[in-house]
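Taking it in order: structure first as structure tokens, then the write-up.
The letters A, B, C, D and E name the chains in turn, as written, and every chain counts its residues from 1.
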Amino acid sequence: MTRFINKQSRKSGLPPGSIVYVGGKTQPTKLDYLRYDEDKLDVVDSSDLQNFQDVPTAVDWIHVQGLEDNKLITKMGEALQLHSLILEDIFNSNQRPKTEDMEDGLFVVLKYVTYDKTKQQINLEHLSLILKGNIVISFQNTHEPLFTEIKERILKANGRIRKMKADYLLYALCDWVIDNYFNVLEKLDDEIEELEQLLISDPQQETLQRIYKLKREIIVMRRAVWPMREAIAALNRTDNSVMSESVHIYIRDLYDHAIQVIDTMETFRDMISGMLDMYLTSISNKMNEVMKVLTIFAAIFIPLTFLAGVYGMNFEFIPELSFKWSYPIWWVITIIMGGGMLVLFKKRKWM
Amino acid sequence: MTRFINKQSRKSGLPPGSIVYVGGKTQPTKLDYLRYDEDKLDVVDSSDLQNFQDVPTAVDWIHVQGLEDNKLITKMGEALQLHSLILEDIFNSNQRPKTEDMEDGLFVVLKYVTYDKTKQQINLEHLSLILKGNIVISFQNTHEPLFTEIKERILKANGRIRKMKADYLLYALCDWVIDNYFNVLEKLDDEIEELEQLLISDPQQETLQRIYKLKREIIVMRRAVWPMREAIAALNRTDNSVMSESVHIYIRDLYDHAIQVIDTMETFRDMISGMLDMYLTSISNKMNEVMKVLTIFAAIFIPLTFLAGVYGMNFEFIPELSFKWSYPIWWVITIIMGGGMLVLFKKRKWM
Amino acid sequence: MTRFINKQSRKSGLPPGSIVYVGGKTQPTKLDYLRYDEDKLDVVDSSDLQNFQDVPTAVDWIHVQGLEDNKLITKMGEALQLHSLILEDIFNSNQRPKTEDMEDGLFVVLKYVTYDKTKQQINLEHLSLILKGNIVISFQNTHEPLFTEIKERILKANGRIRKMKADYLLYALCDWVIDNYFNVLEKLDDEIEELEQLLISDPQQETLQRIYKLKREIIVMRRAVWPMREAIAALNRTDNSVMSESVHIYIRDLYDHAIQVIDTMETFRDMISGMLDMYLTSISNKMNEVMKVLTIFAAIFIPLTFLAGVYGMNFEFIPELSFKWSYPIWWVITIIMGGGMLVLFKKRKWM
Amino acid sequence: MTRFINKQSRKSGLPPGSIVYVGGKTQPTKLDYLRYDEDKLDVVDSSDLQNFQDVPTAVDWIHVQGLEDNKLITKMGEALQLHSLILEDIFNSNQRPKTEDMEDGLFVVLKYVTYDKTKQQINLEHLSLILKGNIVISFQNTHEPLFTEIKERILKANGRIRKMKADYLLYALCDWVIDNYFNVLEKLDDEIEELEQLLISDPQQETLQRIYKLKREIIVMRRAVWPMREAIAALNRTDNSVMSESVHIYIRDLYDHAIQVIDTMETFRDMISGMLDMYLTSISNKMNEVMKVLTIFAAIFIPLTFLAGVYGMNFEFIPELSFKWSYPIWWVITIIMGGGMLVLFKKRKWM
Amino acid sequence: MTRFINKQSRKSGLPPGSIVYVGGKTQPTKLDYLRYDEDKLDVVDSSDLQNFQDVPTAVDWIHVQGLEDNKLITKMGEALQLHSLILEDIFNSNQRPKTEDMEDGLFVVLKYVTYDKTKQQINLEHLSLILKGNIVISFQNTHEPLFTEIKERILKANGRIRKMKADYLLYALCDWVIDNYFNVLEKLDDEIEELEQLLISDPQQETLQRIYKLKREIIVMRRAVWPMREAIAALNRTDNSVMSESVHIYIRDLYDHAIQVIDTMETFRDMISGMLDMYLTSISNKMNEVMKVLTIFAAIFIPLTFLAGVYGMNFEFIPELSFKWSYPIWWVITIIMGGGMLVLFKKRKWM
């Protein structure tokens, strides 16, 4: 199951702004550097930090995969004059989504979400986006390829992305992240539908565990989504000059989508808590059925067994024993008693 | 059961503003074009887009049934200079209700709701309304005939609709949509009353499933209604010049109705959660009854059966066996014991 | 049980502002028309609409009982130049409490509440109050006599009512309505106390149903009370000139009372949900007791019956059968086993 | 148990501002009248209303115990020119805590709380405080001696109270009331601790009733505390000139304490609802244990009793009966079956 | 278990601003006094209060361990001209976290949290921080060494702390406190994971008690954390001149961390309430299993035992007894009946 906190205890006590990589996996950090305008597209050599420069006429997009190389990223931070607290946030994968207004740029933290259906597990990936002048830098703490469709759109000059500035690129990256939430929500929707079917047809202990895990993962996801909404709202209301008026309408649309994600997620939460109630009530119902069967059997046969026991006694003087019709009469009484019970239970609607 | 999301995964990754029709059914798109003022009424030929023009003295209402014809609608959008994001919202049936202030017009998304009593299913239909100058365009993503009463009022010049401008038409369409919610709420009210009766007279497993489904459908409906309230509030506080002062009082009334819908729905939610509690408690109560019956039978007859078993033993030296009055004495003891139990249970109010 | 919606489906589709009487009973509409100032009191003939006029020096109070006479009330509306939407609200008994600021007057919708203890049912009566110049008109949709104490105070010139203007009359009517809520709350308080006593002494299935109904009726009542608070708050903050400064302090007091009603009602809700929990837990407790009794009987006598069964077998070679002391020894073993069980259950605190 | 409303139905229908004493006990109203400044202290004769006068250089504190003497208090009100609605609030013990800004003074309603541990009952006493010029008047509706420590501080000139003005006295009285809430909270804390211990060691039906009552009394207390917070906040933000700047810092501190009371109370609510859950779950757990014991006994001995019954049958031709080793073999089979069951139950962790 | 209130009843009734030490342990108060700037570091002799002076060029940090020495601390307060209410708050360990804006300084109350895993107990330690000119004074009410890492950073001139002013020191202390919350949250996270594993593999009564205690301790922790957020928000928005612009960005980061603490804690609360539901449902599930086993045994063997009892009767005329094939036929019937039951239960999925 997903843990709620990445271990960062070794950090506490360090001076604020200390850079501690809180992720886990180790692979060398990889940089992709694209420089483009409407007409031209360059793949810049990212090995030389000298190339990091703000070219007024073009958009620079540097995508950093993996945060293992502390030094490199720190140097990038220095080159771009980032505050040490911002560098800290880039490395701290426990950082909640947020938008920070830097004097001459914007810093956005988001979570990229994936859902592993077999393990029923939500994974959150820490993403940091920086917009400064005409440069956009995106950091991810793993090595999965992200933003592939956007790269493609830039390469193929699809849509309006090549015609727009760096602020639109920032928007496009955020939009990609949020669009992806809908994929996950759809998978969760499938899961919920499946569980609902199980709940109605044949609820099992294992169904309960799946519902519980789903609930748990939605709690995990909420932690990423709610602050994301606030982050995008902040992006929406910023009056930072790096964000041009023409992009604001897109940001508003983005905010709309974020709300929709939250909305759907909250609906799922409601659904799941309804499913848990339904499950609990189903079990009570079943137990009721079981108890009725037990009681019917016991109430019919226990008195009859007693009656049989009476005439199994070995007293020497039991007058009925020697009477000829005793046995058939006994059966008649027995059947009447048993039948009477049945009628009674029918009346009480226990059968 | 209603799914919470229409599949739109194929969309994610496309450039923002891409038009993807997310609905399902396929039938050709149909246009109804009415042009009217207080004295005159024309049915305009909608096959020629040249006819789409803002005539200052008349109101133009174009109603689009079905969104299958991407190209036609895109052309309409271009003719009216709509932003690509608005076109995207018209096609995206997952879009939540909202009001967007365009510079020279208003864009309203609503959900038309129907309730299928036999399937116990809420259906939401995606509606988009555009007010621009003297033109109102309404889009629905299915082919059911909507707004029939309004069409009739225009044709027959009933009420004040023919005397008013396009902003009143927009209001009238919204009002029609919300009035319809009351129809659905009434049906849900009937359903609740029926379930309450069942709950008191004879709660069954099937009753539980109906309550659960009702709860589920109300969750679905809430998703449409809450943002609708916000959308109408936005309509109410807009200072867009296309909305004249004289229509504002109607919008306020509309808002009042939206609140009433939400209010009633939340009451239903409360009712249903009360019904679930009641159901669960009823089951516990019933189980208690069953258990008491079982315990009474067991507590009375198990000791007596034991007593019968004692004298059914074949030991050679059991003095009581040969004593003459043993058998009647045994019966007396038995009856006293059984009767004592009964008295005890009466005292404990188990019977 | 109270329905949540009065049927108004026949209305939907009609032009907005259409007057549809949504109530049920039919009796002729009755008008009471009082004109008074500090010194004089007239009962005006209400049959002639010509008499409806704003006399600057006196207060006119017209009380309308029953809304059956559409035409009469519509004419009154025209005489007073009321907007058609306001007339619609007067007739629509589903309208929530609200205060509408008309340019030259105030329109207040309230609900008058009564509680029928035998049916355990809250009844809401639709009341509309209009203040325009020196005229106050009050509409009720039934024919029960309301406002009797106020009428009396006017007739007998009790208190300050005859010295004040029409705005004070409006306040007095609202105050009368809210004071009445306290009567109902007291009755509910009695009911709660009674149910609490039952819950502690002897909870029955019927107790549960009473709690459930009480909960339901409080849900009904909440629907009337919460918007009433907002309506009175609006009355409090209005800067409409028809409401004089000297009456504002009374309105603030009224608001205070409205808050108190809500407060008490929410406390009742808390109490009732606590009672339901208590009930459920009591049942579980009881079932536990029943189960213990069953288990004690079963655990003691089932093994002993087995032991009796053993020596009731007819094998030819059972050595114990012919041993002389077998029977008393058997009893000793039996009693020790049974007693041991009892001791065990005592230790486990099952007895 | 505490009732939520003092009967005031006889009031409804009376003109607003009518004085109705809603309390219960009857003892003559008692007045304490202190006049003090830094150097001097007089006990004023309160029997003569002529003495009620605002002496600019001294602080006057009149404490009224018991509200039985309507006329006296009404006269005081007239002497001080209080609005009739304020007099009404002084007498109405159902009035919620609040602060009213009079033009030339402040009117504060608070509730004094006591907790009777043996009856597990919260008692709320209605207190009204008036600050007007240099006069503070405090009204309590019972005859218990309140504010004794403050009286003492004034008499002995302890602390800064004698050096300060009437506004500080008002603060000191409020502070005394709120400090007292902490006493009650401590007692509730003890109660909670005790119940928690019981819950873990040996939960009984009676424990449940104590938890329920505690919950109930906290609901009662909340009704007094939440509006008190608002009342003190109003005191804090008032710009009424009777409240001097130097006292404002004390009021802020008072507000802080009010928040702390609410905070602790809400924590208690959380705790108690957790205890109810714990109780319910404990019962289910116990029932599970009981059921297991029953099932183990039944599952082991019922089949064996059947086996004994088989050879207790009197068929003439049962070959096993005459076989010599039948009886020991029967025992072997019996013991193996019983032991097998035990092993099975051990495996299932039922034992 | 942690108590919610430290006894402070002896305080109530004392004049406001009275200093009462509410803590428990007794050890002499200890002072650490550091004076530093970028170049120099002095350990000041704290025994002489004459040394308490605001040196414009250096930062003074006085850390007070233990609040036993009332007089000393009161003298310090006088030397620094602190309001008596602030001194009261320093001593009152029940005081909630808050930030108070003094005219010439800031007063911050925080809670330092520790978690004792073996006792499953959260401990809150009362901390007060004062920033006045270039002096920072920190008070803790116990004698555990706190702030060791910060002391070290000052001593070793690590990070930027020696280059910054007193406002940064205040921030650093707050940051240290909040960083420590993450340590505790991690431990709680471990605990939750452990309990989740237990819940799935083998839930026991003891598991329930651990969940309950965890819930309880999180309630305790919430009381410290929620107002802490508000305290830091106040620190963030203060325009007090002692807090320089350059430190504000750090405070914002601090606020971000506080939010993250709350966020995680609320997630834990959700998790735990989910675990309780899961536990309760698991028990119901288990009981269902137990009941099924019981019912299967009872339903199969009780009728068969009856059948055996029938032919154990001693009636003289039972024709079947002497029939040769009776016994095998009896077995056949018995086995068919038992087998039929088994098939039935299989069908009902009870096995």
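Just so we're on the same page, contacts are C-beta pairs under 8 Å (C-beta built on N, C-alpha and C of every residue); 3 or more make two chains touch, one makes a residue touch a chain.
Since this is a predicted model, take the numbers as computed values, not measurements.
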Q | subunit C and subunit A - chains in contact with each | A | B
**Q.** Neighbouring chains common to subunit B and subunit C, by label
**A.** none
Q. When the CA atoms of subunit B are placed over those of subunit D, what is the turn angle between 0 and 180 degrees, to the nearest 5?
A. 145
(Q) Using mean CA coordinates as chain centres, what's the gap between subunit A and subunit E in Å? (A) 25
Q) How big is the gap, in whole Å, between where the Cα atoms of subunit B centre and where those of subunit E centre? A) 41
Q. What residues in subunit D touch two or more of the other chains?
A. 280, 284, 287, 291, 294, 298, 302, 305, 309, 312-314, 318
Q: Enumerate the ring members one after another: first subunit D, then subunit E, then the rest in ring order.
A: D, E, A, B, C
Q) Can you name the residues of subunit B that touch subunit A in the complex? A) 1, 3-5, 7-9, 11-18, 83, 85, 88, 94-96, 98, 202, 205, 208-209, 212, 215-216, 219-220, 222-223, 227, 276, 279-280, 283-284, 286-287, 290-291, 293-294, 297-298, 301-302, 304-305, 308-309, 311-314, 318, 320-322, 324-327, 330
**Q.** Residues of subunit D that touch subunit E when the two form their complex
**A.** 148-149, 153, 158-161, 171-172, 175-176, 179-180, 182-183, 185-186, 189, 192-193, 196, 200, 249-250, 253, 256, 259-260, 263-264, 267-268, 270-271, 274, 277-278, 280-282, 284-285, 287-288, 291-292, 294-295, 298-299, 302-303, 305-306, 309-310, 312-319, 349-350
